Structure formats: structure tokens, C-alpha cells
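Here chain A shows up in two complexes: once beside chain B, once beside chain C.
So, the complex of A and B:
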């Protein structure tokens, strides 16, 4: 990859890490709060359906996760396996895309 | 001080093995003294590298009981374990023989990281005036004392995983030049250190900082390069 592309990936990794630090905290606090009286699908849906705030939060959370995981996976594969070249970049991008589509689908499913 | 030290020394090439030697203990004995004793008194075929013996030249670094160190500035009493020493060549470098590694790749990476000064002025111009307390001068001074011994490079996990990685010493050198206001080569330098085996590959494990015999902070220098390359990218200078 070029110097420009590598530097973009680094900026994306750092920026998404900053988003995730806050998003994971909100996510975990919400879990602890939500399971106080047992966890049920109707209770979750009652909180998320039609709630634009939660939809926006999870769309951003999923986007940050997908980008962060893809860049990190690429680094791990290149360091811990002999796999090199553009196919690693492609595979990592596919992993990112899968997380993004699956995550956004779930977030939209909870909203709709 | 009348005992002996049991010293296991790597002999041969990459497929060699450890050989045991008995070396008499002495007052204020350094690990380099031990290696020299073995070569002069016990086995003249032992190959090792040294020059100044006082921590100036950076040529006597070896792996002593598992950690990369200057042998000339390492006292035996500080590293010996139950009367035993284990001496191996530096890690992450091709082995030539015994305790001597091939440093070619290490120094080629300094060239690849554009570690050479590129003058912005010619001899007809006046001397550059660099305020000693300026931020750039302070940053350059913090990394300038590297003598290229390779201890950081041998201690770096990222080099062991990715042999193409430029490594702490070459990147630290690049950072000192990025902060040299007389230098005109930063556009090429930042591009060179931002490649896929450059500064962004560093995980900040700080083994280089932990092991550097000069107490330098290559991880900090690499972090500086990460910021500098990001700024250059956003200004479309990369």
C-alpha cells in the first residue's frame, strides 16, 4: 500500500478507537441497566423501536466497529501469518463490509 | 572473587548450538571481559565484535541471558544467574558466525528511512540559527545520541513479525531529521517512513525504550512520525 493509504488507515484506526471507547462504555452501562429485571425481547424493542437516538448510536457504533476491526484484522494477518499483498487488504475489507452490513441490519431491525 | 562462571556461548551459524566454557570470576568484570577471556585463553576460534570497550562505538551488543545488551557496559554481577551466563548473537539479524551478526539490513533501513541529512542551504549562505530551547531542536536532541548498536532492533517484536519493518533506530533517526530545521528532505522522508513497513506498524510495546543503553525513546520518536505523517497527509504533502 502507498504511504497515503497506510496513513489513512492509521488515522481511521485511531479515530474509530476514540469513538469506540465512548460507545462501548455506553453499550455496557446500558446492558447493566437493561438486565436488572431480566432481559426480554419486548423490553429491548420497547426501548429501541422508533427511537432515533438509539438508531443513530448503533449506526455509529457499528460503523466504528467495522472499520476498526477491518484495519486491525489486516495488521494481525500481516504480522502473524505469511499472507501478504493486496489479497489481505481485500479479505480485510470484506470482513469490514460483512460487519457493517450485519450490524446495520440489526440496528435497523431494532428500530423498525 | 575466586569462583568460576559457567558461560554458554552460541557457536556456529544459524544451525549451531551452545557450547559451555568455565571462566574465572573477577572484580568489576564485564560480559565483554568474559567473551575476550574465552577467545584469548580457551578458544581462539570464537568470533565476536567489539571496538571501543567504553560504550561509544555500539559494536559489542549481544543477547545476554535472553536480553540484548552492550556487553562492554554490562557487569557480570548484574546479570549472572546462579553462576551462569548465556551469550547469543543479537536477534532479528542474520547470523554470520558465533556472536557476529550481519548488520547490513539494519543499516540499509536507515537509508530507506531517508536517514541522511539533506541540506536546505549551500555554502554561500550564512549558518542556520537554531534556538537551543525551540521545540524542534529539543525533539531532535532527544533522539540524536543513537550510536546504531542495534539493541532496539534486536528487541523489537514488530521486527520479528515483519522483517521488512524499518525498526526503532532508523525511524528514530528519521524523526531527528524531521525536526532539523536545516533539512530539506522531509517530504520524501515522511513518505518513506509511512509505507506499509514504516512508523504505523509500531505497536508501542516500548521494548526499544526499555532496552536502549542510551536511554533514548524511539517509541516517542515513532509516535512523532505518526503525527507528522498524518499532518502531512491532511495538508496533501504526502
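So, the complex of A and C:
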């Protein structure tokens, strides 16, 4: 990977970290509120379904998470294993894409 | 790397950030799968939620909340190190991150029980 591309990955990791700092804080508050209110499917779906603001929030949250996890996994693989080159870049990109599709599918299923 | 270099709060903060990040990335597909059970109907989601009420699962969830909080506070510490002036409170930042993470885990556990 070129130095320019590595720089972009560094920027993506920091930019998504900044988005995630706020999103994870909101997510933790939501988790504590939800378990306090009691978790049952009707209660969860009543809170979520048709709530487009939360859908928008989670679509952005998942996008930032998928990018952040992919770049992070690539960093860990390159630190701990001898794996280098375009194959490790491709595997990390696949991990990001998988998380993006799985996460968006879940968010749309819950909130749309 | 020598043991002396490793036996430092900043080194353990680095290890915790890598380990928590990796475990959260591994957990995410299961999290998304569990949430997507709602797509196929409330009954499947309810069956899954019933399963999560076992004490060991609640304990594992508490561990995940602590990992998430640790990755958040550890990440904020890293952003502060990289983008703010070189600080002389690095050990305090590690301690603060750990303390907040454990407090968040406790808050979750007390509300989940």
C-alpha cells in the first residue's frame, strides 16, 4: 500500500473514532436505559419500529464501526502476524463490508 | 522488548485497547445476528431475550459493556495524546479510563439484575 493510502487509513481511523466516541456514549446510555426499562420483544419493537431518527443514527454508527473495525483488524494482523500485502488489505476490506451489510440489515430490520 | 518497557500503565493500556477492539469486532457479527432475529418476528426475538436472562449470559454482557467502555475511554485517551499538547498526566489518563470503564460495567450490571 502506498504511503498516501496508509495516510488515508490513519485519517479514516481517527475520523471514525471521533464519530464513535459520541455514538458509543449514546449507545451505552441507551443500553442502560433499555435494560432498566426491561427487555422484551414488544417493548423493544415499540421503541424502535418506525423511528427514523434512530435509524439514521444507527446507519451512521454502523458505517463508522465497520470502517473502524476493518482498519483496526488490519493493524492488529500486521502487528502480530507476518501477513502483508494486498491480501491482508483485501481481507480487512471484506471484514468491513461484511460488518456494514450485517449491521445495516439489523438496523433496517429493527427501526424501519 | 524488555519487561521493564512492558511493565508500564501505557503498555497495558495499549494491550487492553488491542484486545478489547479485537473481541468487540468478533462479537459484532453475533450482535447483528441477534438483532436481526427481530426481522423474522417478535417471538424469535423474545426467545433470544429469554436466553440472555441466564446469570452467566448477564455476566458475559457486563464484560462486553466493560470492554466497550474500555475501548471508548482508551480511544479518547489516544486521541488526546495524538491531538493535544504532549501531556504529563499519562498515568492519570490510564487510571481514569480504567475507572470509568469499570463504573459503566457496574451501572449496567446493577440495572440488568
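As a convention for this text, the second predicted complex is superposed on the first by the 111 of 112 C-alpha atoms of A that agree within 3 Å, B and C clash if a C-alpha of one lies under 4 Å from a C-alpha of the other, contacts with A are read in each partner's own complex, and residues count from 1 in each chain.
Throughout what follows, a residue touches a chain if its C-beta (ideal position, glycine included) is under 8 Å from a C-beta of that chain, and two chains touch if they have at least 3 such contacts.
Model, not experiment: these values are computed from the prediction.
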For this session: Could you tell me whether chain B and chain C fit or clash when both sit on chain A in the superposition?
Result: fit
Exercise. If you stack the two complexes on chain A, which partner ends up touching A:41: first (chain B), second (chain C), both, or neither?
Worked result: second
For this session: Identify the partner contact of A:3: answer first if only chain B is touched, second if only chain C is, both if each is, neither if none is.
Result: first
Exercise. Who does A:55 touch here: chain B (first), chain C (second), both, or neither?
Worked result: neither
Exercise. With the two structures laid over each other on chain A, which partner does A:100 touch: chain B (first), chain C (second), both, or neither?
Worked result: neither
Exercise. So, does A:11 touch the first partner chain B, the second partner chain C, both, or neither?
Worked result: first
For this session: Have a look at where A:64 lands relative to chain B and chain C in the superposition and call it first, second, both or neither.
Result: neither
For this session: With both structures superposed, pick whichever of chain B and chain C touches the larger number of chain A residues.
Result: C
Exercise. When the two complexes are placed on top of each other via chain A, what is the minimal CA separation of chain B and chain C in Å?
Worked result: 5
Problem set entry | Footprint overlap on chain A, comparing chain B with chain C | 79
Seminar exercise, completed: Interface with chain A, chain B side, in the complex: residues 158, 161-162, 190-192, 194-196, 198, 200-201, 226, 229-230, 232-233, 238
Exercise. Which bits of chain A are touching chain B when the two form their complex?
Worked result: 1-4, 6-11, 75, 78-80
For this session: Over in the complex, which chain A residues touch chain C? Could you list them?
Result: 14, 17-18, 20-21, 24-25, 27-28, 31-32, 35-36, 39-42, 44-45, 48, 65, 69, 72-73, 76, 79, 95, 98-99, 102-103, 105-107, 109-110
Seminar exercise, completed: Per the touch rule above, chain C residues touching chain A in the complex are 18, 21-22, 24-25, 28-29, 31-33, 35-36, 38-39, 42-43, 45-46, 49, 52, 65, 68-69, 71-72, 75-76, 78-79, 82, 104, 107-108, 111-112
